[in-house]
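For reference, the structure is listed below as structure tokens.
Going in written order, the chains are labelled A, B, C and D, and every chain counts its residues from 1.
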Amino acid sequence: MNTFGERFRLTTFGESHGKAIGGVIDGFPAGIEIDEEFVQQELNRRKPGQSSITTSRDEADKVDFLSGIYEGKSTGTPIAFSVWNTNQHSSDYDEMKNIYRPSHADYTYTLKYGIRDYRGGGRSSARETIARVVGGAIAKLYLRQCGITVQAYTSQAGPVKLEKDYHELDFSLTEESLVRCPDPEVSERMVALIKQVKEEGDTIGGVVSCVISGCPVGLGEPVFGKLHAELAKAMLSINAAKGFDYGMGFDGVSRRGSEMNDIYYSDEEGIHTRTNNSGGIQGGISDGEDIFFRVAFKPIPTLLREQETVNENGDSLLLKAKGRHDPCVLPRAVPIVESMSAMVILDALLLNRCVRE
Amino acid sequence: MNTFGERFRLTTFGESHGKAIGGVIDGFPAGIEIDEEFVQQELNRRKPGQSSITTSRDEADKVDFLSGIYEGKSTGTPIAFSVWNTNQHSSDYDEMKNIYRPSHADYTYTLKYGIRDYRGGGRSSARETIARVVGGAIAKLYLRQCGITVQAYTSQAGPVKLEKDYHELDFSLTEESLVRCPDPEVSERMVALIKQVKEEGDTIGGVVSCVISGCPVGLGEPVFGKLHAELAKAMLSINAAKGFDYGMGFDGVSRRGSEMNDIYYSDEEGIHTRTNNSGGIQGGISDGEDIFFRVAFKPIPTLLREQETVNENGDSLLLKAKGRHDPCVLPRAVPIVESMSAMVILDALLLNRCVRE
Amino acid sequence: MNTFGERFRLTTFGESHGKAIGGVIDGFPAGIEIDEEFVQQELNRRKPGQSSITTSRDEADKVDFLSGIYEGKSTGTPIAFSVWNTNQHSSDYDEMKNIYRPSHADYTYTLKYGIRDYRGGGRSSARETIARVVGGAIAKLYLRQCGITVQAYTSQAGPVKLEKDYHELDFSLTEESLVRCPDPEVSERMVALIKQVKEEGDTIGGVVSCVISGCPVGLGEPVFGKLHAELAKAMLSINAAKGFDYGMGFDGVSRRGSEMNDIYYSDEEGIHTRTNNSGGIQGGISDGEDIFFRVAFKPIPTLLREQETVNENGDSLLLKAKGRHDPCVLPRAVPIVESMSAMVILDALLLNRCVRE
Amino acid sequence: MNTFGERFRLTTFGESHGKAIGGVIDGFPAGIEIDEEFVQQELNRRKPGQSSITTSRDEADKVDFLSGIYEGKSTGTPIAFSVWNTNQHSSDYDEMKNIYRPSHADYTYTLKYGIRDYRGGGRSSARETIARVVGGAIAKLYLRQCGITVQAYTSQAGPVKLEKDYHELDFSLTEESLVRCPDPEVSERMVALIKQVKEEGDTIGGVVSCVISGCPVGLGEPVFGKLHAELAKAMLSINAAKGFDYGMGFDGVSRRGSEMNDIYYSDEEGIHTRTNNSGGIQGGISDGEDIFFRVAFKPIPTLLREQETVNENGDSLLLKAKGRHDPCVLPRAVPIVESMSAMVILDALLLNRCVRE
């Protein structure tokens, strides 16, 4: 279904070339100041046309709040919002009406529902993530009151990897990088790669890493609602995501327990771990250390070069995308990863209010 | 919370050293023959003491069905079951009452709930997965009527990798391998590694891969309930799981779109893709090809050697596990991965009955 | 929360004097023709100003669909809609900003949330039911394909009762009655009473009865999701509703089992009951007979005469409503009762697709 | 489905003549002392054979807790419990295997699921309410810490009504009455009626009233989760329940707004209402006054006299119940109404922890 979360819930709607993309936020606590400018800024981080390495589509993507805010504050009632679709070139898609684009959702939606709004990918378009960014921005407004920060960044573009540990990075540089990689030198190489791929009419994948700091101990619901399980679901629900790991993740499988265990120690501030190979979560519950994880994204399947495919009748044909498309999800995926993270953490905070006497 | 699934739901209960581990299955369709022997066999695949590379604890783990079955068939009402705890050595844990074991859930449960059943890890023990295997076995009974198979196997133990593609494997060999790796030569190397690690009082991680065949096109609920997002959540909810990817996953990020796209073609049987880099899912919905994914597991944190840690007062101390413990989750994780997969797929099948006129 | 239903879900938003009232319908089956004119007609049945016995507020209440419909058909994706608030006289409420109106939600919302949009009752306004009527109209489009009809009518206004059984009524007359009572003579007496009450600056309660015909056997989910339990929740969630009963309801408590039992018989068409004291539901599951129930509504608490009350500081004061208000919920409650019923039945139909092999 | 509640959840299982009736309680706060004796006492209030006006079946109905309790306290993990079926006379039902008992669920379950455990009514038996009473008793343990009391009593048996307002009653007398009516004189008349009905092989209906005192202002979730809507659903989910109203309920429809409105006043303790016609709930949210409501129960359909009916083939036949049956639900329905109420209130308390900053 189109609802995410348990206590803090986001229900989204809208197709790429329909009237609007929007959503309804339910369960947001009352009395929080809603900084609409901040929400718009977050949306701007996601929007197309922000740089030479994103699509040149110029979508205004202005958020319009319809309810739930009174005199600048949340009232505890649903916060509905809409972003009107204004710059859609539906005719770009006319000839694709009956065509199944490779590695897109055209074929599966058609067989699932028997009907499909093909224009711009319809509901399966990444424009749907607009609603997630608004939801995430609202969630961030709450988290920052609690001193919780969520910072995502590009850690790999194609084969170009940022090898540094996140402690060595200066996150204030993330937004200065076209690809949202906070290491200027690596960022440059990533941008060069993406430009080259774009020139070739091709696309490339990447990895977004995310660090959540300031979480109290205790977030996450055993046994099926483990905090990292919720984060995994949230991340994999983003378009083009193909993998998730947290802490040492896939790299940790080759290690010994004696290398991986995070040893506790205590000081005047309380109990901590000397290392954080676990990624801030033990047994599905936050342990107060930084939470960190990675999300793998595949190369965008829309290519500005010819590809073989079939139409609804099974006839073979050659397809070449028209329109304006991203060569890589990376810079725009960063705010989406943050948004989904913020919503997961806020939901966990609310759920955690109920577990003790 | 302790419930998994939407239409097909499993609610689990029980602590490691309490009276029982069990669960309630709700939403299982009526009229399906319940092969209790098969369920017990599945449970035997999970149980400790099955070989020289698992713990020597000999838990009977007999499933006892309490409701929902009449004259050998499901009735559509809840199927409750219990596995009685009989061979628990709670005294092994007495001295750990106030100690936080490194990279275990002792600390986080205590801070979350203010109280903890420390015996055998309590609710955070992997014994909880007993209920998942029973749930998964019941789900498999339905899937096999639909021609859907779920096959997991160990594809990596520590640094020892099975490099072959799953098409080259003979899954009938999986159960003959102590580590549940269907390639005898690689299996042997894995077993040797695990034995060595065990002798050193250490533990090691690994990867379980899983292939689901025979799924119809259409499973998965956009946009937050994408099939791979549900699989990710299910897998990450398993104890010690640290990562998930599907299709080309993390390896696909370095590739170009032109290499990764799965090209459609049609023949008399319908529309198919020439490759399956997508792992059988497009836009969150199954496309009829095999679904495959990987799950990363960390080394088990319980070590038969001394480790530093603290107790509830923050006092430093040295801890060495008593009792009988696994050096590696791998052989026993395989049926759990299958079980969680089977439940996700059955739930998706039921949800998919509602989407069209 | 602000979501209703399980498989067919309506999430609503909006305050009385905010930008819009609207909702998101999720889980509506794909491929159904969306007759927007019918939806608007249903909304017109709910809207104010329709007659001399309703409020004279003239709200346009035009529904605007934002998503989920393509070429006139549902696509299986969320159907979002908005009804823009255009004729709100917020200044009517200025002096009530800090006042708790008797038997309204002002006091309870303020204490629950610590903040309240007081204008027109905010979220607790009956304008919120606009979204329910749109949701119900969409549900009806599906039900009519299945031959299921939902017909509500006023069966009591104050002490004026319609004593006839529903079989004796001609439902085609319901819409011709100002109070939506299909018996012209009783209707006339009801209208006379309501006019008199209005002149006195007072208000009056009433009962809406509802008949659902054409349901297949099998709707309803034991044990907590009994069909009548879901109907009860749906009805009691309507503003001003105070009671619900079905079949013989409260009147049946004085009877003997031997009088009340519905005796089965069979003919060529199948198995039926000779009487229907049970109201079409046995053990929480529809039995194929007509489902019928009653909903009690209290008199509207907004009076055009002085009442004592307090403000937020606890100061006593006298309050007299300004603005345009209904003297009785009855004529406008009828389409709302139908709408909630239609959504419950559609949800039950979808859930029932999952229970058998 | 077989789960009730949102944050505090009860999942129940079991058939009348299966191995056990039981349930899993999830979301109960950690750290609460579990008084098992109290739970058993509550169960004893529900059990058959307690007096000359209930069935003479002597079911032990001992509750056995399986998890979630450690050193006498709740741990925040699921509390599973089982009540073993020991005194079932399944052979009493042998000849009813293919027969549809009038006004029972036999016919509807069979058509819904295609299969039915006919013994003792299977899942549709009122024995299922055992699990509700255990869940309710656990909930009461929490509520009494908060000073919230839930008191139900029989207010009508057949035509014999208790006309007094609840303020005039002495609830300490409820348990001394065979029919759980706290007015000794009315109780006597009720008991006489029930005995007479029983002698005639017939059954009779009744009304249970319930008063919840001590609730804070703020319980209930607008707009679909209004507190009285949740209570209505809970009550109507009880076997044989046919109606629900709260506050003035159905009797209030004939009144004027000017008579019904509850006027606010303030004193040093805060804001209160002079009357409580609203039944302690305004706009779906508790207002701090007593919550009170009524539940209508039909006469039990099992008669110790001959009735006409049909079997699965549609053949006519005469049926006369064997076995031991209640002539009236009333005395045993009282603890069930309290239990469902307690669970609704606890859930509302937990949900209400999330609504404000």
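By definition in this document, contacts are C-beta pairs under 8 Å (C-beta built on N, C-alpha and C of every residue); 3 or more make two chains touch, one makes a residue touch a chain.
On a predicted model such as this, the values are computed, not experimentally measured, just so you know.
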Name the chain whose C-alpha centroid is most distant from the C-alpha centroid of chain A.
D
A-D versus A-B: which has more C-beta pairs touching?
A-B
Can you check how far apart chain A and chain D are, centre to centre, with Cα atoms defining each centre and the answer in Å?
46
Whole-angstrom distance, CA centroid of chain B to CA centroid of chain D, is 39
Centre to centre, by mean C-alpha position, how many angstrom separate chain A and chain B?
26
Which parts of chain D, given as residue numbers and ranges, touch two or more other chains?
1-3, 12, 27, 30-31, 76-77, 112-114, 123, 222, 355-357
Please name which positions on chain C make contact with chain D in the complex.
1-4, 12, 100, 102-105, 107-109, 111-114, 123-124, 128, 156, 158-159, 197, 202-207, 217-218, 220-226, 228-237, 239, 242-250, 252-258, 260-266, 270-271, 273, 277-279, 281-287, 296-303, 305, 307-310, 314-316, 352, 355-357
Where on chain A does chain C make contact in their complex?
1-3, 9, 11-15, 18-20, 22-24, 26-27, 30-31, 64-68, 70, 73-80, 82, 112-117, 122-123
Mind listing the chain B positions that touch chain C in their complex?
7, 27, 29-32, 76-77, 145, 222, 350-351, 353-357
